[in-house]
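Chain IDs A, B, C, D, E, F, G, H, I, J, K, L, M and N follow the sequence of writing; residue 1 opens each chain.
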């Protein structure tokens, strides 16, 4: 298998794995956060303003780790430095 | 195995894996969120408006991670940059 | 193994795996959601309308992730772009 | 190993795996749903109509994911597009 | 290893695996359902009719997933389309 | 390794695995069912007739999945269609 | 490695594995059943007759799955049909 | 590696594995049984006779599965039918 | 596979893995921290200032470990010392 | 690798594994038994005689499974029948 | 693959793995510590000074293990003694 | 790889593994025993003599399984019968 | 791959693994210790002196195991006896 | 790979693994012991002398298993009998 195919296949594999597995943790964490938010709302409806605000800050923080993974996937698919180097070099030949 | 077959098979594998495993986390998280929403509703029926609204915001947030996975799968199947490059190159030859 | 057999076998493998494993998460999540719905109904029979409605919205949301997996399987079996490309190319030869 | 044997063996493997593992999740989920239904009935016998109805809707929903798996297995065994293509091609030769 | 031996061995492997692992989930689920039925009976002996009926419906539903697995095993052993094709073809030669 | 040895060894492996692992689930499930039966008896001695009857129905149902596994093992050892085919063919040569 | 050695080694491996792993489930299940029996006796000493009887029926049922495994091991070691066939055939040569 | 060495090494491996892993389940089960016996004794000292008797019957039953494993190990080391056959055959040459 | 391709593929693999798996721990930890923050707020709304402040310090601390992973990924993709060495050396030739 | 080295290395491996892993179960089980003994003593100091006696019987029973493993290890190291056979045979040559 | 490429790739792999997996433990531990800190604050707001101080000392201690991992990664990437030796030696040739 | 190196490397591997993994079980078991001892002391300070004595007997019993592992490691490193045999034989040549 | 490269790569791998995985246990253990310290402080603020002192002794003890791992990593990277031997020998040639 | 390199690399691997994994158990066990000590102190401050003393004896006992692992690692690195034998033999040549 030549060099460019190698880089292409590896990039595809990692793009999928990084998003596929990397979003599992955030999803579960968000599920937990939302779940306790609902429990708290049922327990203390008067504090719904504070609870909702804290929940959204927390979800944003957790979502950020999912976005790190998605960003790495997109970099690997569309802005891969090693692939660009290989294409340049192949064009140079 | 030639270069294009390689890229094709890897793309198929990752499209399946990313969706197959990547939706597991969101599914479980949504199940948990819905479950606590129901518990909360039973405990505090008066707060059903706030609970339902928070639940839907949370489900949308969690669903977004499942959609990242589905998007990566679709990109790999129908808008794969490495496959397009290979097809172009093969056509050029 | 020639190129078309390769793509065919990989497509079969991923079609099975994606559905087989991808429906595990939704199934468990739905089981959990239904279970808490039943607990909530037993605890607060008066709120059965709200509980049932929220349950069905939640089940639909969770089922959607199972359907993503089934869709990917069906695409791999019956609308596989790489297989179509290979068939076209083989016919062209 | 020739091309047709390859497709045949892979189809057998995936037919077994998809059903064997894919029914594990639904089975456990149904077990959980039935279990809580029984607990709820013991706790609130008066709501047995609502509980039973919700249980059956939920079981049908969960069973649907098991049926997706069984359908994919049956497609792989008896309506496999790749196998049909190979048989046709072999007959054509 | 020739083509028929291959199909035979794979069929044996999958027949065993599908039944061996596929019955694990239903068995555990039934154990859970029976266990809660017993707890419920001890807690609310008066509702024994409803509980027993719901239990049997649930067990039948769960057992159905075990039967899917057993059916696939039996198909692989005694009505395997790929094996029949191979035997026919070998007889034709 | 010739064809018959192959089928023989695979049959031995699957006969052991199917029984060895396939009885694990039922055993645990029966343990759980018996355990809750005992708890229920201690909690509500008056309902011992109903509890015992429900327990035995449940154990029979769970044992059935263990018996599926044992049956598949015995078929593989003593009524294996692929082995019989191979013996017949070898005798015919 | 010749054919008979192959069958012999595989039979040894499966005899060990089937007993070694297959008794794990029953052992744990019996431990659980005995443990709850003891808890129940401490909680309701008056029902000791019913509890003990139900325990022994349950243990016999669970032990049966361990015995299935032991039987398969003994068949593989001392009444292995494939080994007997091979010995007969070797003697015939 | 010649045939006898093969059988010898496999027998050693399985003798170790069967005892090493097969005693894990019984050990944990006995630990659980003893633990609940102690809890029960502390809770109901008056029933110590019944508790102790039930405990010893249960331990004997659990120990039996450990002994199955030890027996298989000893058979593999000192009364291995395949090894005896091989020694006889080697002596016959 | 030549030396530069090797370094490129390994860098891609590790960039994906480090982010994909390394963000799982922080995500779950943040989910837990946010969840207890919400529970605490519902339990003691008066202490919301202290709770929110402690939560944000904690989230920052946990996020730092996710950032270590992202930093290592970015170093591997865009400031990889071994890749730079290889490029320099290749240019020198 | 010659036959004697093979047997020697396998014996060393299994001696280590059998003791290393086989003592894990008993250790955990004894830890559990001792722990509940201490809880029981704190709860019912008057029954310390019965508790201590039952504990020691139980520990002896659990320790027996650890000793099975140690015995198998020692047999493999110092009374290995296959090694003795090989040494005798090598001496005979 | 020549010697320097080998060292380079291994260093990249370990740099990623050490950070990626090594920060998982600390992240979870910090999540737990922060979570209980919040619970404690809600339960005993008067002791917030002591709780916050103890929390920060604990977080620092836990963060130290994450930093050990990050330090090892950085040493492997930028101050790797084996790589430096190899570069020196290659330059010397 | 010659015979002596083989035995040496395997002995090193097993010495490490047996101690490394074999002490995990006893460590956790001792941790559990000590933990409950402390809980019991806090609950019933008057029984501290009996508790401490039972704890030390239990710890000794658990430590014995750790010592079995350490003994096997030391035998493998410094009194290995197979290594001694090999050294003797090598010296004899 | 020559001998020195081998030792270098293995040393790098083990340095990373030992720190990366070896710090996971201590991190979790410290997280647990800190967490209970905080719970205890909230429950019994008057005993804060004793609690803090015991916590610090415990953290030091746990940190010691993390430091064993870090020390082994540093020895492997900067004071590796086998590497030094190899360098000396290579210089001697 | 020559004999000495083999022994060296294996020794490095096992030194790392034994310490890296072997300290995980003790660390977790110590974390648990310290945690319950703190809970006990908060619950019964008057018994702090007995609790602290028992804790230190227990920690020493648990630490001993971590030290077994560290000792084996140090023996493998700096007092390895097989390495010394090999060095002596190499020098003798």
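Going forward, a contact is a pair of C-beta atoms (placed from the backbone, for glycine too) under 8 Å apart; a residue touches a chain by one contact, two chains touch by 3 or more.
Please read these numbers as outputs of a predicted model, since none were measured by experiment.
Hopping across touching chains, the smallest step count from chain F to chain I is 6. Here the spacing of chain H and chain N, counted between their Cα centres, is 30 Å.
Centroids built from CA atoms put chain G at 48 Å from chain A. Centre-to-centre spacing of chain A and chain B amounts to 11 Å, using the average Cα coordinate of each chain.
Averaging C-alpha coordinates per chain places the centre of chain F 44 Å away from that of chain N. Within chain I, residues 1, 11, 13, 15, 17, 19, 21, 24-26, 28, 30-33, 35-37, 39, 41, 43, 55, 59, 66, 69, 73 each touch two or more of the remaining chains. Under the stated contact rule, the graph of chain-to-chain touches is a ring, a single cycle where every chain has exactly two partners.
Chain order round the ring, anchored at chain B and oriented towards chain C, is B, C, D, E, F, G, H, J, L, N, M, K, I, A. Interface residues of chain D facing chain E in the complex, by the touch rule stated above, are 1-2, 4-5, 8-9, 11-13, 15-17, 19-21, 23-28, 30-39, 41-43, 45, 48, 52, 55-56, 59, 63, 66, 70, 73, 77-78, 83, 87.
Listing the residues of chain A that touch chain I in their complex gives 1, 3, 6-7, 10-11, 13-15, 17-19, 21-22, 24-26, 28-33, 35-37, 39-41, 43-44, 46-47, 50-51, 54-55, 57-59, 61-62, 64-66, 68-69, 72-73, 75-76, 80-82, 85-86.
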